[in-house]
Amino acid sequence: MIYQILEKLDKKLHFEQAQAHCDIPCGIYDPSGAQIAALTVVRMMDLMAELASGETKDNTEFHNSMERYITVKEEHAEKAKHEIRVIWGDYFKQDKHPNVDDLVHRIMQLGSKARQTADREAGLALVNAINEFAEIFWGTKNVKTKKAKAPYAPALEMVYPDL
Amino acid sequence: MIYQILEKLDKKLHFEQAQAHCDIPCGIYDPSGAQIAALTVVRMMDLMAELASGETKDNTEFHNSMERYITVKEEHAEKAKHEIRVIWGDYFKQDKHPNVDDLVHRIMQLGSKARQTADREAGLALVNAINEFAEIFWGTKNVKTKKAKAPYAPALEMVYPDL
Amino acid sequence: MIYQILEKLDKKLHFEQAQAHCDIPCGIYDPSGAQIAALTVVRMMDLMAELASGETKDNTEFHNSMERYITVKEEHAEKAKHEIRVIWGDYFKQDKHPNVDDLVHRIMQLGSKARQTADREAGLALVNAINEFAEIFWGTKNVKTKKAKAPYAPALEMVYPDL
Amino acid sequence: MIYQILEKLDKKLHFEQAQAHCDIPCGIYDPSGAQIAALTVVRMMDLMAELASGETKDNTEFHNSMERYITVKEEHAEKAKHEIRVIWGDYFKQDKHPNVDDLVHRIMQLGSKARQTADREAGLALVNAINEFAEIFWGTKNVKTKKAKAPYAPALEMVYPDL
Amino acid sequence: MIYQILEKLDKKLHFEQAQAHCDIPCGIYDPSGAQIAALTVVRMMDLMAELASGETKDNTEFHNSMERYITVKEEHAEKAKHEIRVIWGDYFKQDKHPNVDDLVHRIMQLGSKARQTADREAGLALVNAINEFAEIFWGTKNVKTKKAKAPYAPALEMVYPDL
Amino acid sequence: MIYQILEKLDKKLHFEQAQAHCDIPCGIYDPSGAQIAALTVVRMMDLMAELASGETKDNTEFHNSMERYITVKEEHAEKAKHEIRVIWGDYFKQDKHPNVDDLVHRIMQLGSKARQTADREAGLALVNAINEFAEIFWGTKNVKTKKAKAPYAPALEMVYPDL
């Protein structure tokens, strides 16, 4: 409980931005890779549900498709976690955004959850948390963001930099 | 339709060989890796069909074997595509064989098809297209080819350089 | 030479769009991964040039940085090629855009060139060719594109979907 | 049969230790990575058996979990083999322990067996063979070993260096 | 600054342990992989320094060895980060140890630093932070720890579970 | 010394062939992948020597090429070892060819040596040992072999199955 209290305290307090610290070491950081990966997780969950609602469930075609969807889901949930971890470790330095440690830990757990289950809600939670991260990230660079539907299924609303 | 016409046109026209362009940059290119990978795809399809024709379909041994076959099929279809892409991108230069762009695109699609399905015909089509590529490749090096059965199951007829 | 003529011919002729063919099999295709990878290639070339223009060239720090830049350049040039190849093989079907086979082959060669050299021009050529691909890709989906500078160094002008 | 006889002969004969040969080239060799990997193989077999003994066997959650366990089992059996192979190839030199070639070959086969099956006995055999290897390895370094239960399920008795 | 204050506050407050939350989902977590990887980073820095202090600095043998050391350093710093991230994301749940988010973020930064430099101090800092993590980890499992020198160069003092 | 004696003893004694044991489990084993990888090692050594004999040794182009050659050498020496290890572990069973354990151990050491050095002799030794393995392998399948020069530089004499 104490952490919830501290977190609320944090949010009311001033903090310096991250961007000053990464001018030289940081190269190209972009959360879009993690966002696409998270969308792919949800897409695979949808394909899995669709396949499982079909009639034949034990022929080679069924197993072939099911395994492929699960494998792609695994890889992309892992990719989403990896890309967020890299930005967090290499871009965010001291005096970083007060939510970012907790948010990243939450993304790690949601990424694991999305691997462990076929439940679409778990996939959506991962997408949302990564969108939240994208918003914080672009904020530290003073790049405005907008929301728009992804131009492919599952056409979820995503956070994009407004370039 | 226009492409089919153009393709036929191409085949009747003279073209210069590729080999002059790769003397120095090109190292070791050999389509045999892609050929063995394509054979492995068919082999896995055969093992999948054999397993699925058995009696027990829902114990751990069934799932263990089925998943392993599918995974190996995935990896080798992908490997076949990757190796062909490397030779195409790094070895074939301007004034290349007129069929090669289209053939490579066909191999990419057949490789994807062979991942998406357990249908043996799709695997055989991949093997044949890659044999066609091997024949063109060795032709650009003025190395004669021969056909012989692979010395392991599935003992399909393959194109080999006649060394 | 014949190919150049045929290519010009192609460009004047009507062709059906690709999108009709990928409604069901195609999942999430997005050239942004390849675009970011190509930008990273140029960024690494810039860092390499900067390092080489420094004074000390033979201590462990120099070698450590130089090797890391080259390795990242290699990986991202390869990633750019791989991502384009996947979209080309899995998304573009028959009656595809007439330039796409040749453009993809060009991207493969430019990707290889960008690995083989430290010359910034080679990196820029790769970025441009992939932007051209992105424009064609979004066109097949009837998604408008815009040009904007990437929000990180090297702040090259990139093609983005106008969502 | 002849090999069994020769092996027995070997065991009775004096042999020089390996450690003299690896003072300079060898860096950090530690069989604990292979041991943890082998434990993971058994753990996955246990989870597979538990899942298969449940009621629902054909929904997406079942397939999702089963595939993940099998994939982790595959990776860790392979990792165990790889790590042992590296130590064997890079650390053990001429006049090496007389059992080590045969033991390593046995580990390779047990690792393959543990991939091919869901049978717990095969996993235990892999763990035991790798513990035997660990004992020989630490012996060549004159580091004493002890036996203790691993501090996580499956809490098998493992060989540890007594530091 | 506010974070430093909050952190100190945290340390004085009661918190529930993590272990209650991972009985079922958690499999085998062991920080020893990360510890060995961090030791390898320091070992490579030592080999780099030794090589650079030699006489010949521009022949193929020099480049061959230098590149190999740097590559191994890169891989093992990355591996250390990856393994810690997995334990953090999959094992530590809510009401976790109050230092763990910050410590993990520090490890990520130290891991990046150890990749970016050849400075031995950066490697030692990584080893120490991961030992600190190991101590916390074993504490949540009520497994006692001890300190002992690693049985290979660089023979740094490491935290081991006292089994 | 005892092993040399035993080895000679072995060679004079009858032994059963391996092929009977792999009818069902073994899929597609082919040493050609390892052979091409070993050739690539020698090719890279040649390119390294050529580059180092040039005039400019400290610009970005030099480092870019040198690192790429070394990396490819590393990967292919490792690939050669991996492929031989797989055939040895999965194909050769009990009553196997008496030389094969020792030969495989020798290949592992030669593969490591070829990574550690830029010395062409080390690369040639690896090629020869793998050719020796190929000869034994095809012998167990009663497939005749022939010797021919590889159709690309370095055009070393290789063992091929006579199909």
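A few points about this structure:
Letters A, B, C, D, E and F mark the chains as written, and numbering starts fresh at 1 in each.
The working rule: a residue touches a chain if its C-beta (ideal position, glycine included) is under 8 Å from a C-beta of that chain, and two chains touch if they have at least 3 such contacts.
Note that the structure is a prediction, hence the values are computed from the model and not measured.
Under the touch definition stated at the top, subunit C and subunit F share these contacting partners: B, E. The chains that touch both subunit D and subunit F are B, E. Annotation, subunit C versus subunit D: rotation angle of 180 degrees from the Cα superposition, expressed as a multiple of 5. Two chain pairs, E-F and A-E, are compared here, and A-E has more C-beta pairs in contact (counted per touch definition above). Ranked by distance of CA centroids from subunit C, the top chain is D.
Separating the CA-averaged centres of subunit C and subunit E is a span of 36 Å. Distance from the subunit D centre to the subunit E centre is 25 Å, each centre being the mean of its Cα atoms.
Along subunit C, residues 58, 67, 71, 116 each make contact with two or more other chains.
Taken chain by chain, the contacts fit none of the simple shapes, being neither an open path, a ring, a star, nor a full set of pairwise contacts.
Which chains touch which is summed up as A-B, A-C, A-D, A-E, B-C, B-D, B-F, C-E, C-F, D-E, D-F, E-F.
Against subunit B, in their complex, subunit D makes its touches with residues 48-49, 52, 57-58, 66-67, 70-71, 73-74, 115-119. Of all residues in subunit C, only 2-3, 6, 9-10, 13, 15, 25, 81-82, 85, 88-90, 92-93, 95, 98, 101-102, 104-105, 108-109, 111-112, 116 touch subunit B in the complex they form.
On the side of subunit E, the complex with subunit D involves touching residues 27-30, 32-33, 36, 39-40, 43, 47, 138, 141, 143, 148-149, 151-153, 160-161, 163. Listed in rising order, the residues of subunit D touching subunit A in the complex are 58-61, 63-65, 67-68, 71.
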